[in-house]
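These are the structures, in structure tokens.
Each of the next two complexes has chain A plus one more chain, namely chain B in the first and chain C in the second.
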Partner chain A sequence: MSLLEVSSLRVVSSDGVSRVRDVSFTVAPGERLGLIGESGSGKSLTAFAVIGLLPAGLKATGSVVLDGTQVVGAPEKSLVPIRGRICSFIFQEPLTALDPLMRLGRQLAEPIARHQGLRGSDLKRAVLDALDEVHLPEPERIANSRSWEISGGQRQRVAIAMALACRPRLLIADEPTTALDVTVQAEVLALLDHLVADREMAMIFVSHDLAVVSRMTDHALVMRSGEAVEKGSIADLLASPRHPYTAEFAAGARKAEAALAAALMQGPAE
Partner chain B sequence: MSAILGLDDVSYAYRGSRPGQHAVRGVSFSIESGQNTGLVGESGSGKSTLLKVLLGLARPTSGEVLFDGAPLDLGDRLQVRSFRRSVQTVFQDPYSSLDPRQRVGRIVGEPVRSLKMARGRAADALVAEALESVGLPADAASHYPHEFSGGQRQRIAIARAIVSRPRVLLADEPVSALDVITRNQVIDLLAELGPSRDLTVLMVSHDLGVVAALCQRTIVLQGGQVVEQGTTSAVLGAPREAYTRRLLAAIPRLPQI
Partner chain C sequence: MSAAPRPETSTRANKDGAPPRGGPARYRRSLVLIVGLLLVGTIVLAAAVSIFWLPFDPSDTTGGRLEGPGLVHWLGTDRLGRDLFTQVMIGARIALVVGIGAVGVGAAIGIPVGLSAAFATGWVDDTMAAAMDILIAFPVLLLAMLIVAVEGASLVTVTVAIGLSMSAIVARLSRVVAKRVLAQQYITAARTSGTSWLGIVRQHVLPNIWPTVSVNLASQFGIAVLAEASLSYLGLGAPPPNSSWGRLLQEAQGTVATAPLGAVAPGIALVVLVIGVNLLVDGLRDVADPTQARAR
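Right after this comes the complex of A and B.
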């Protein structure tokens, strides 16, 4: 059985414009799927709709069944038990996901306390363990810091620790490394890859960058102007795209890399 | 080949920073005519500070900016006028760098007016020529920025930067806000402008792929200092420094198929 089943998903804004049209896909337990597209393609809105977190003014129709629960049209109250426990989310900019006024340890303690029913020194230890799991140095210091006192890479690690605190079965990561430096990005991707595999979680990885997606998943859904254009293995999307847009997108990604590949191969001789 | 713009042992400390704490320290390089140069580094490497110094917006704490071989003196009006005409800039975000209340013709014509290059029909002709050379239709001049896509807006920003026929274009992450297909088109445009207008690009970027596509020379910065510089093929193909190698290894690559 699928963990997630999206069928004929449509997201409409208050002025009647369809931002996502007739998108369907499934994710099985432990499966990874990339959502690829340019800005405005609807990939992030699709991801938000899966967990019922669409921005104000946007409405979803169609069907999103997450672990047996219909998300579309569900009252907020019935989504609370799903969020965190079944499915959680990592955002592009961890500053928006973290409260600037609250110490990070306390923020992380909330979902852990709720999920594992821990209190006092047990809870404190669980928080430090969670920070340690995402390879943060000096967990004590991080737990006592506020979000703006640590670096962008460290913030994203804290956000990952929070997203994983309730042991979700599906992790949705929306451009989680786009705001990070390239060396930090490599570290965070390796960390995510390892944690998701370790816990046998399913993952939806949203990105505009085909190379980054290919680092995390074997399969992807290509989106354009709110529509699902093509789904397939990344190798097929690159080597034998069926849709002209996929071909254009893949050629663009290849061209963007061509000069770099040539320079790396070429060596110092001119 | 001659150096148009350069830095000689430049250090810069922001006001209020601790004594001895410099945003950039002891940086020297020169931009030779026809040699597009990439300034590469991660956050905190000093890229933006160096750009401010190169634009004459910040005075180095020590060291000199060299313009056509002479130290740049921000008090020398004649030299500064010639400097402003010769060194223009394009910013990262084409949404915030264009005034939404001005028509494109007025935006692109701003350097023509402020540098007192031409007036009336002659000024309009310069604007039309700049728009044409970035691949925008001539009637773009009568429209507002919001009527254009991100890639077109970056073309407008480039038209504004080249209208005064500068010799150096300082571009700060000019394509990092653009989608991959548009990004390739803007890089192609920048690459074409070089030979056709005798323009040399200094591009600040965190993206070595973009630098490899456009720049003959590469300078790698880390923590406010130059780690490595040389031809792009030497720096990328046979990096001498561990940091450069780490930077290259971290770039996500497409699967080989």
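Right after this comes the complex of A and C.
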């Protein structure tokens, strides 16, 4: 059985505009899928619809079955137990995705305590372990900091630790490295890759960057103005794109890669 | 009070000889806070001491009528021969108790109502917002007078009446600030990790609205103290054995030409407390919000 089964998903705004049209895909346990598209293509909305958290004013129709539960039209009450435990989320901008007033240790402790029923010193140790797992140096110091007191890469690592705290079976990463600079980006991607493989989690990796997606997944769904235009293995998408839009994307990715390779050959520029 | 760390940091900055970070504006702000603390502290001290010790028994009328200030009666006596300093000290206690009580009632009603309104959408939201605006359009004093007139004057009624009247203001502010917090991505992030709405309110919404709401509550305290004095002056406050500043003012009205201190003393005490609270609020506003402190 698939872990996630999305069929004929539509997301309609209150003024009747379809933001996502007739998108279908499945994700098996342990499988990875890339969602590729430019901004406004509906890839993030699709990701949010999976977990039943569309922004106010947007409504999903169709079917999203997550671990046997129908998400579309389900009441909040039946979705809360799924979130975090079956499926969790990593956001693009970790600074806004973390509460600025709460110490990171406490923020991380919340889902851990809820999921594993730990308290006191056991909970504290679990929090430090979780920070250690995402390769954060000085977990004690990070746990006592607030989100704006640490660097962007460290913040995203904390966010990853939070997303993994409830041992989800599906991780949705919504442009998790876009807000980071290139070297940090590579480290965070490597970390994600390793953690997801280690725990045999399924992953949906949302990005506008084909090069980044190709490092994380084998298969991708290309989206454009709310529609899924092409689906297939990344190698095929790059080598023989069937849809002109995919071809554009692939060309862009190759160009970026070539530029990056050239820059690396010349050594550090400027 | 939670303001305690502030003066420390400012003195440290001065000791170093370097100009405080942020220049003269920041220096002025901590000065405002210190002056506010001193003024409020004076009144709080008087109220605290009055619990354990008073120069005279408040019902002791052996002092002679309308005595001037002297070594025995520091501020003189009133027309019944009671020690004025004693009365003003008791007045401090009443002002603080009513002020804190009213703010407590206002917060206990206003914050939950404001939070529920923040979660409401559509016509429910519009109706709640309109209801709050209508209540706010009523002056606090008028609404409190109405409640006291119906319920009869007592210390508790006055406190609850003032608190009820200010709860609409607290509710409206809580609603606006909570709506802004609810739109933040960390709320969505908390929801994706499976936190229930109740957990989100407790862990994220309340702590994040608190800096703004608490500063407002502090400034409401000043308004509550003034409202209590006004109600007492009008005879709608706590009944006679309680020597509220408002009632002292009213009692001294007839003899203000011959013994002006009877009106001046409670008047000054009132001004000291209200100005002190306002300065304190001004200073606290900057300390209360760490995200704003970061911006400086």
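Here is the rule we use: the second predicted complex is superposed on the first by the 255 of 270 C-alpha atoms of A that agree within 3 Å, B and C clash if a C-alpha of one lies under 4 Å from a C-alpha of the other, contacts with A are read in each partner's own complex, and residues count from 1 in each chain.
One rule holds in what follows: a residue touches a chain if its C-beta (ideal position, glycine included) is under 8 Å from a C-beta of that chain, and two chains touch if they have at least 3 such contacts.
For clarity, every value in this text was computed on a predicted model and none was experimentally measured.
Of the two partner chains, neither chain B nor chain C is touched by A:A28. With both structures placed on the common chain, the touch criterion links A:C166 to chain C but leaves chain B unconnected.
Of the two partner chains placed around the shared chain by superposition, chain B is the only one that A:I234 touches, whereas chain C remains out of contact. Shared-chain residue A:E257: touches chain B; no touch with chain C. Contact with neither chain B nor chain C is seen for A:V17 once the two complexes are overlaid on the shared chain. Of the two partners chain B and chain C, it is B that touches the larger number of chain A residues.
In the superposition on chain A, A:A197 makes contact with neither chain B nor chain C.
Residue overlap on chain A between its contacts with chain B in one complex and with chain C in the other: absent. The residues of chain A lying in touch with chain B in their complex are 38-39, 152, 181-186, 189, 208-212, 214-215, 234-235, 238-239, 248-249, 252-270. Put simply, chain B touches chain A in their complex at residues 42-43, 150, 179-181, 183-184, 206-210, 212-213, 231-234, 236-238, 246-255, 257. On chain C, the positions that touch chain A within their shared complex are 121, 184-186, 188-197, 199, 203-204, 207-208, 290-291, 294. Touching chain C in their complex are the following residues of chain A: 51, 53, 56, 76, 80-85, 88-89, 91, 93, 96-102, 110-111, 114, 146, 148, 159, 162-163, 165-166.
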